[in-house]
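What follows is chain A paired twice: with chain B in the first complex and chain C in the second.
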Partner chain A sequence: MGLEQFKNRNVGTQNYVKLDLPHPPKNGWCAFKQVLSRSLKPELFVGLWVALREMINALFRGQMHTTQYPLEKLPISPRYRAIHEMLRLLESGHYRCIGCGLCEKICIANCITMDTRYDENQRKEVSEYTINFGRCIFCGYCAEVCPELAIVHGGRYETASEQRASFSLFEDMLTPIDKLNLQQEYQGFGAISPNADENIKKTPLAY
Partner chain B sequence: MSEMEPAKNMISIKIDGVEYKAKEGEYILNAARANDIFIPAICYLTRCSPTLACRICLVEADGKQVYSCNARVKEGMEITINTPNILKERRAIMEVYDVNHPLQCGVCDQSGECELQNYTLELGVDSQSYAIPDTKRETKNWSSVLHYDAGLCIVCERCTTVCKDMIGDAAIKTTKRGGAALDKDYKATMPKDAYAMWNKLQKSIIAPSNGTDYTNCSDCGECIAVCPVGALVSRDFQYTTNAWDLKRIPATCAHCSSGCQIYYETKPTSIADRTEKIYRVTNEWNYISLCGAGRFGYDFENRVEGKDQEAFTKAVEAFKKAKVINFTSVITNEEALMLQSLKEKMGVKLINREARAFQRFLDFYSQASGNSLYTTDFKEVMATDFVMSVGTSLRNDNPNARYAFNNIQKMNKGAGLYFHPVGDNLVPTFGKNIEMFTHKVGQEELALLLIIDLFADHDKLPNSVKEQLDRDKLLEALGKDSEAFAKSFDKMMKKKESFSLMVGEDLYFHEKAENIAKLIAVLENSSSVKVAMIPPKTNSLGVALICDLDDEAEGYTIGYNALGDFRLSALGDGDLDMPSMNQQEGTLTNMHKRVTPTNAALEYHGYELNDIMAELISAPKYTIDWTPHLPVEKGFKSINFDDLPNEYKNDGTENRGYLLDTTTKEVGEIEVDKFDDSTVLDGEIAYRCNPQRQFNDFTNKAHQIFEEFGLYASKERAETLGKRVTVEFDNGSLELDVIVDERMDGDIVAVPDFKSAENIYELFGASRYQKVIIREV
Partner chain C sequence: MDATILPEVTAAGVIIKAILILAVISAIAGFGTYIERKVLAFMQRRLGPQHVGPYGLLQLAADGIKLFTKEDIIPQHANKIIFMIAPIITAATAFIALAAVPVFPDFTIPFVDVYVPSIASDVNVGILFVLGMMAAGLYGPLLAGMAQSNKWGIIGSARTAVQFLSYEVVTGLSLLAPIMMVGSLSFVDFNNYQSDGTWLVVYQPVAFILFLIAGYAETNRTPFDLLEHEAEIVSGYVTEYSGMRWGMFFIGEYANMITIGVIASVVFLGGYNDFWIFPGWLMILGKIAFSFFFMLWVRAAWPHVRPDQLMWLCWKVLMPLAVINVVITGIVMMIG
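For the complex of A and B:
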């Protein structure tokens, strides 16, 4: 890419196109006429009628169209990238994250940090995990890179809180163990493709 | 700024049609690497013998398929790296390596620095044609530091090779895996080399060579460093971080005088604690081998919250009234220069016992030989095929000198003579042609006289030496039968061309140091034996060159990491905190006569010596501003710190810092004293010597080094001593636990000096050996 366009700092020679706009009112009388002609359009009454009709429908015919937020919440598309959730394995209930650190590495805002250790079962254990939601740009890379479908974007889009820290630790994001039966397999960003079965190859093992 | 190796015996070869220069007799692989050309290779280790375990380094040389790691270049050789057949072999080899390899890259500590991954991708392995039932392979902890995951091991034998050819312990070997036999059809259908390699791989696994589950070795961790996959990992490091998260800080190990190249690898401690912490130490393992102290003794930093103004004011006051500064050799050249400036400007006396002893010895040697410094470095020693060692406990004093001694036996079909009063049962296992002289304390001169007799041109010897050369008598005094020795010496000398001698601390702390230095000069003048000296501690050589040290001093003393009335300490236990070696930048002078830079791995918030200098005399802004002012007349160069390189080149050239300049002048004939028995010690003797991996207070502070401060003795001796003893010297006594060192032989016991607070130097005085009375308590 050439840098010529950045080097031309002479703004005056560029081609501006003038829009063909009506002239603004010249004096007080003209301005008054403009206000009057804009206000007394019959559409005003059309609008009033629509509002009245909907009010009657909603109140007396049971056709309410607004949701009672925050008591009611609209379902959100799986494509939406809200606060992260950490999923568990359905069978064992163990958290899925293996501590590979790929999410930490790929994170574009550099906001994931994790501590790992060698546990009693000779496995890598995630001893702590955190996302700094003050920096997260909800790009979804972490969910996309995760080889275990462990970290996903959940449906929790309300990110107002006294402290962002209150939902940024591992246990805040992890499916509560008593809600395991409610855990949804994630369909959104980073989920396996619908035709994954066709693409998968068996590891050649002799047993 | 690299020192170019002399272009001796360079020949021309052609690789893929392009002409290159190569050293005669070099392996094809090394010649290619020196010319920055890539040939796939897994099992080969520079400086060790080729094992032909992987066979991936196949190339075609003059129309024949050869293994580039063990075929040597010839003038005009034409080499092709890839032929269709070789590519087929290589791909098959990589497929075989991938058979049953656990799919746990996600958690593996190699985290992307994996040669198995790299070559699998490099050779485009995208399908698997082979299969065999897997064998259960257990994970084991071989020692306090070694963790072996047999499942991940590809049996490239790099670990066993480095342990045998470089380290000398030979503590691990390949053994039977008990795996299934290969399908018969493979023999006919598979590429030949891949089949042969698989056949061997399928049968073997690595295990401690002593038949137990534990290696019982030097715990150097070099096997961990060379492992191309995540099979060998340090227990402390395992699963704590990914390699890519670590920041690498090029540095110089500051524990002993080898001054090895290392990288400190750092990362924040945890989520809650964001201060940087060192997670591990790595090295350029193809060109330098570390010991356990360097690899595992890294967390000795002095964490300081901030500048303690009050302590600083007191320190300045203390310096103003100080008569003496007492310090150790764990100090940079720059700081040594600061202390020297203090001496020049304020008249304080400088005390550093180990460096002073070495300085005196170097002076004696220069006066006798005319050389400003010893003439050989340990790289040159490593290239010889007959090596001798006098006056050093090779296993404890300097790991790299020991590695050189061992490597010569293994790689150069070498031979060796080992003179030392303390028996050692590891050294004789280095090779078949080693003679151990377990002589009496005080007979070091006789050892040198014997070496002179064996190797010198007798016509060139001064009379005072000549008249002492009665071989039979010398051998008898040193405890050898002359006929038997003559026979084995003949065998040792077969096909030997180059000779080297390493000498150590016993000779510097010696009543006859002057005479010994003269004998060394005589040996050099009259023979082709190259002599290298092992400085006693980390930067003893630098201190000896930079500082004008005093023998004795009295009065108000400042101790810098040493005893004193006011103590500056990088251990956190002094009156004013100082940065430790991994928290400061500067240069160190190592035993290879090389001035190498080291960088700060961890932050330090307190005062430095340079701040005190600024108050007392004058000082530039940074410590490293002193670097170009190191004394040129002593061989240092006027180069800015930031211009010092710290790397190895692909051909193995050490491009770290610079070499000291040395000068030679004419001197007259050397007159040596006649040997007399007055220095010979008999009876109960203690030797001032540290256990392996312990060198100073800093190694002692590190959590992975736990060799205790105690009385070390051979197994037999320990049994007669009991559990805990008092050791009485002429001028004091110590109470110590008795610890068995299974590699020691004989009756002499070792008392460590790594704890400066114990003031061991005072007890031993001017010798490393003292008569003592040991009583059980």
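For the complex of A and C:
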């Protein structure tokens, strides 16, 4: 598609379809005929039937629309940005976060606070990690920037709280170790795309 | 008990029946709100009230408690006395109208052997009495709307007047043809006229349809709910009402719905005569229940008309039809 089509500003003026509407009645006799045909047409009964059909559908064919919200929830899109989750490595069960601090740095609401230290093996470990959800604007930058896919957005969207500043600790967001087999790979914001493998190219060292 | 003995009308019996009618009908009217919400919900594929009691059945009690305990607000510039009595007019006339309406066949209470004619008072002008009472009930909305010094209320009562003037004619004229055929104004006579199993609707289909239309206008149900149409005039004549006074309007409206159902069943649909293997009381309960359901059904399916369309419909279409119907009935009766 060329760019010319985008430069056309007369959008919508070409594709109007004229409805074949009947003309308003011109004289009394036409009006009378219109009334007669409308009254004798079974359109009112079609309406009645539609309402009854919906009732039958709802009651006996299991097509009720209602979701009884606190008891059942609709699935949300994987791209939805709700309360964060910290994921674990599937093989070792160790948390994925390497303490790089990128999420803390990029967070535009300044709500991630973290600290790291050397553990006994001289490896970096996360000693403190909190998110202040009173400030978080759920922009998703932290999930996008994280090189390890460690911090992601989960599906917990009920964020009402008793306090204005409600912190989540690292342990709260971390996948429980006994639920590791239930851990889902994140599909949403910042996650690698499904066709990531095809997109990988060799680093062009030739030039 | 010999059936030829006339039912004795004792004062005690009448009082007991009056109290029973009052209790049962207001309970049914309250229950009607539940049914209405459920049926409308199902027709829109929703669940309706669900959480108070099993299937939301106790929603009714919750609403009742809420209405009773709510503050009864009377606006500052309202005409206080009229504002206060208007809902009572609606509720009272609705119940008074039920006095002359027979619901069940006469029966004998077992063991005590008391013969009960199951109509509070068989007035010999029954139909006129009921229609008059229901018409008088329209003073409720009319006065309520004018007394509350609220613009929506004024519009509501103006529409009441419009509606009142329009359909009252049709109600009377549509019932005139059956009255001519039966030759009596008492509901009991209407019922007995159809005891051979032929319903009057067979002879008078036009009158039946006209009466239904006018009855919907009378009870201000959709498609003629101009008086308090939320989308246009907030709540019309009940805008300023709260608590039990508001509730009284509703009880009146639902009692009127039941009355219209009873009149339609007794006058046109064979009344409480036995039908095939079904006893009369079951038949009439079924008919009333269906006519109630039909009102909800119509509300779910049809849009409502504008006030000018209502007047147009009543004066230019329904009234001529009713007159023609009366004339034709008269000619046929004269020849036949």
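Here is the rule we go by: the second predicted complex is superposed on the first by the 131 of 207 C-alpha atoms of A that agree within 3 Å, B and C clash if a C-alpha of one lies under 4 Å from a C-alpha of the other, contacts with A are read in each partner's own complex, and residues count from 1 in each chain.
Everything that follows uses one rule, which is that contacts are C-beta pairs under 8 Å (C-beta built on N, C-alpha and C of every residue); 3 or more make two chains touch, one makes a residue touch a chain.
All values reported here derive from a predicted model rather than from experimental measurement.
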Check whether A:54 is in contact with chain B, with chain C, with both or with neither, and answer first, second, both or neither. second
Which partner chains sit in contact with A:137 here, chain B, chain C, both or neither? Use first/second/both/neither. neither
Does the superposition put A:90 against chain B (first), chain C (second), both, or neither? neither
Which chain makes contact with more of the residues of chain A, chain B or else chain C? B
Contacts of A:68 with chain B and chain C, given as first, second, both or neither: second
Touch test for A:44: chain B only (first), chain C only (second), both, or neither? second
So in the superposed three-chain picture, is A:35 touching just chain B, just chain C, both, or none of them (first/second/both/neither)? second
A:108 in the overlay: touching chain B, chain C, both, or neither? Say first, second, both or neither. neither
Dual-contact residues of chain A, meaning touching chain B and chain C, are none
Partner chain A, residues of chain C touching it in the complex: 39, 42-47, 50, 297-298, 300-302, 317
In their complex, what parts of chain B are in touch with chain A? 100, 103, 106-107, 111, 128-134, 139, 235, 238-242, 244-245, 268, 270-272
Inside the complex, what are the residues of chain A that reach chain C? 35, 39, 44, 47-48, 50-52, 54-55, 57-59, 63-66, 68
Residue ranges of chain A touching chain B (in the complex, touch as defined): 98-102, 104-105, 113-119, 122-125, 128-130, 147-148, 203-207
